[in-house]
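Each structure below is given as structure tokens.
In what comes next, chain A is part of two complexes: it sits with chain B in the first one and with chain C in the second one.
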Partner chain A sequence: MIFGAGILKGMLVTLRSFVNSYFKKPDQGGLFTVEYPEKRLVAKERFRNFPFLVYDEKPEDPRCVACDICAKECPPKCITIVRDADAEGRPLKKPALFDIDLSVCMNCGICEEACPFDAIFMDHEFEIAGTERHQSLLYHKEDLLKSNGYFRQIRPSDAALIDARRKEAEDKKKAALKPAAPPEKKE
Partner chain B sequence: MKNKTDTPLTEDFDTQTLQINVGPQHPATHGVFRMDLTLDGETVVRLKPVMGYLHRNHEQIAENMTYAASMPYTDRLDYFNSMSNNFGYALAVEKLAGIEVPERADYIRVILAELTRIVNHISVIGFLLNDLGAFFTPLTYAFREREKILDLFEEIAGSRMMCNYFRFGGVKRDLPPGLLERIRTMMDVFPRFLDEFEALLTDNDILCLRCQNVGVLGRELALNAGLSGPMLRASGLGYDIRKVDRYSIYGRFDFKVPVGSKGDVYDRYYVRVLEMRESLKILDQALRQIPSSGDIISRKAAPFLKAPRNFKPPVGEAYGRVESPKGELGFYVVSDGSPQPWRYHVRAPSLINLTVLEDLCIGHKLADAMVILGSIDIVLGEVDH
Partner chain C sequence: METLFIQIKTLLVNAAALVLPPWGVTLSSMIISALAILGLGPLIMMYLTLMERKVLARMQNRIGPNRAGPWGLLQPLADGIKMLTKEDIRPSAADPLLYFLAPILIAVPALMVFAVIPFGKGMTAADLNVGVLYFVALSSTTTLVIFMASWGSRNKYSVLGGMRSVSQMISYEVTLVISVVPILMAAGSLSTQTIVESQSGRWYAATPWGLLSCMIFFICGLAECNRSPFDLPEAESEIVAGYHTEYSGMRFALFYMAEFMNVFSICALTVTLFLGGWQGPLLPSWLWFLIKTYLLIFIVFWFRGTLPRLRADHLMGLAWKFLLPLAVMNIPAAAMSHFLSEPFSTAVPLAILMVSVAVLSFFNKGYAAEKRVYHFTD
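And now, the complex of A and B:
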């Protein structure tokens, strides 16, 4: 082979790629990058980044019952939960404090898997950069709470499944409660 | 004057060897790795690898948490191949606890492991060419293809590189609808890309000149040093755990184990190209055989998804190994019946393959040392774990 043939051949491949990148479809060798801040790719439904908490009606009543399971299962232990209490000091079924240190969170999704109350899910939000690394990445309950509507919007098929499951459970509970009600009245 | 023509030039001068450090922040070392080199002129006479900059205490961390909680940490060992790392760890724990994997889950696992192999080999070749001086053009082509597979991973597991997708007894979730067809589309395009890539490289005179007879690894040394993976196979030893152990369902597929003849950098490059083609064959068969529905996690292990703390394997020990794209990746777990492993150990192929670096580099030029390092294919996350 003549010396330099390799270079020529290489240049040809490069030229072909260059031309293809403008005239072919993305999966056939065409351009498939987007110019990020102006254009964005649609996030895949299962894309997971950082967790958030869901509430059904109002942010004051999150689904979370402060059972602490997610905090125990989280591998790097970045969740801190303090259970709320009423005026007499009896524990309530909701968190007074729910902090996630996003600088420690490793986006594993185990909290979502472990939560028995469907209260914590992985978000699609990824633009969380700040200029300070201790406070701005420590997310409190207020920052983490998002509505179920938002969850439906980012992960429609997962939300449909979970909503259906929750509704079924609620119906069962109601059905179980009704026959139990009359004996209470007698007493 | 007369003296100079009689004797070689260097004998006139009092020459000294030169000791230099390459790394830890050097782009050619593929991460935070340092080579302590002694050079005579341009020739390497001594090389000491210095590692540990990325040490993260992986084994101790795993011994202090539940079995399932280590799964996301294994992603971070060899961050190019999180799926095969998951695979190895899942196999070890399944052996320990005696869990069977349902058929469909097995197929999903194999498909993902082979896709990972393609991702790894394509990027390694890209980086190898970077080391050779073919800056970024081949690497971008390689990354373009890698991107397509990573997009599939994102759709399946939720994350491009830190997949955390395997669970003991199966996988985390079923594949999203239509995904197998997308893999099929990717596979139809990929061979064409591979042909183009090979046209650019395999017979290229510059590549041949730089790679052939460089860093020759003899069979003897390869065996004695305990190497595995493409490194070993390039030296002519056809040892592949997929064939030897037939773990998971690899026994059902028809594929060859490509071997090299000389064991030089070129062979290591070419074995990887051939392996990608074999992976495509396995993928093709797996896509045809995969059952269209079925369990994706075994009944015995499913309850532990929600409650990892209740997962307590019986007292005993197990060693699970897979043919990761880099070599034999093994996980050794010892259980004392508690929710945490009593001992957890990783046999990291990158670390063991790296041990022959000095033998390969001595006598070669400094520029070749980079190429040899590139052809060993290390990931520092795994070397230092």
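And now, the complex of A and C:
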């Protein structure tokens, strides 16, 4: 072994990496950095960040029925729900207030799993930085509501499954209602 | 192109001659050279920081600074503005005089050594006949300033860094000076300009003794300006950046600037003494000089990207037990090549040096513990 052979070997490694960074493709030992704001990686379908609420036709009728399950399940307790009521004070099956404090949300996705009405899902959106500490990250119902079309777009396979399941359930309900109707008439 | 800078200077001096008396012309000629160097130093330093960051990044499979301006070319300016606007903190227990003086004084020798560097044919600001001695003398004053900074900060890490710097500098200074001796013997002069001119036929680094001298000089130079792998005095991970722990903002920037200018001047002097200085075909002389210097600077950054920091005892061992005897053996080798005729003038020094390298590396062999064998009883 010559004196300093190890040093030379090490220097070759760094030199190779220096030269490769200019002339090689990422998969052959070149640079693999994706320069974020200009270029970005395609988000994986199951990528999850913050929750959003789904509506089917119009934002005034969200799928959410204000059952409060997600708010109870949420580990850091960042969801606040107040049930809507009609003019006579009878509770309605939709939220009057649906707030998620995104500065507290820990992106766990438990709300999505807990919701029995397929009303809340995890979004791909992550660039939500604000300039203010308390209000800009407190998302209200209006900020959270997004259409089912958007959900289909970001998570096509999940959306297809859920849509199929909902349709099946709907059909079953209709089918259950129809035969039940005639006997009533007979009486 | 060749005499571009000289012509600019002549033009300015002639313009000054129109309005100034003769002594004023001499003075203005000096001032122009001085201003050129004063402007050059910080500019070199600014872009060396960028170059270092880029080179290191590429070696580590990163891109490096590329946000400020095209290819990050404005990054040094952005850094400068950041440094200037930072709060200037002084530890309450610090010695005010030493603490304030050190960052200013450290930039002085770093700039002053530029005076004897021949940037091109006839482009030495001050062609002193003791140029090399001047360089060695000035660059060793840096130690004093570093110790001032570390003592003045009243911080244990700083003092540790300062101590390390002093011990390292003393060890490597000796070897550095001895490694230049063969060159001085061959050129018969201490003037940098004469040394470059004496290499018109053959670079000193093309002879066995010259190559060895060159390597020893370069390694010792790295140790002198506290560059990795000899950056013990400012080891971030051990003693929190050593002597400049307590400095922030522009004061820190001055230390940083001095370090980079020292790197430049060590590389420039290696080029001058061993690699033919500004001599080279086709291109203008100053361009050759800069190309060679920047290649050496690349090697400095390359070392930084590759080698881990030396341990203090290894550092001392390398200087006293390996480099110093080798540098001493180099002197008779160089003398041999001077007095013998052609086939022997290369062969004999080569033989001497190879034997001494072999002997020294044999005696320097570290202790490697025998591999342990475990016997299990079951």
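Rule of thumb we're sticking to: the second predicted complex is superposed on the first by the 164 of 187 C-alpha atoms of A that agree within 3 Å, B and C clash if a C-alpha of one lies under 4 Å from a C-alpha of the other, contacts with A are read in each partner's own complex, and residues count from 1 in each chain.
Definition applied: a residue touches a chain if its C-beta (ideal position, glycine included) is under 8 Å from a C-beta of that chain, and two chains touch if they have at least 3 such contacts.
Source: prediction; values computed, not measured.
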Partner chain in contact with A:Glu35 - chain B first, chain C second, else both or neither: second
First, second, both or neither for A:Asp27, with chain B first and chain C second: first
Touched partner set for A:Thr14, first chain B, second chain C, both or neither: both
Chain B versus chain C as contact partner of A:Ser136, first or second or both or neither: neither
Touched partner set for A:Ser103, first chain B, second chain C, both or neither: neither
Shared chain A surface residues [contacts with chain B and with chain C]: 3, 7, 10, 13-14, 17, 32
Residues of chain A defined as touching chain C within the complex: 3, 7, 10-11, 13-15, 17-18, 21-22, 31-33, 35
Touch list for chain A against partner chain B, complex: 1, 3, 5-7, 9-10, 13-14, 17, 27-29, 32, 44-48, 72-73, 75, 106-110, 113-114, 116, 122
Residues of chain C that touch chain A when the two form their complex: 55, 58-63, 66, 302-303, 305-307, 357, 361
Contact set on chain B toward chain A in their complex: 65-66, 68-73, 76, 137, 141, 144, 147-148, 151, 154-159, 162, 164, 172-173, 176, 185-186, 189, 193, 196, 199-200, 203-207, 305-309
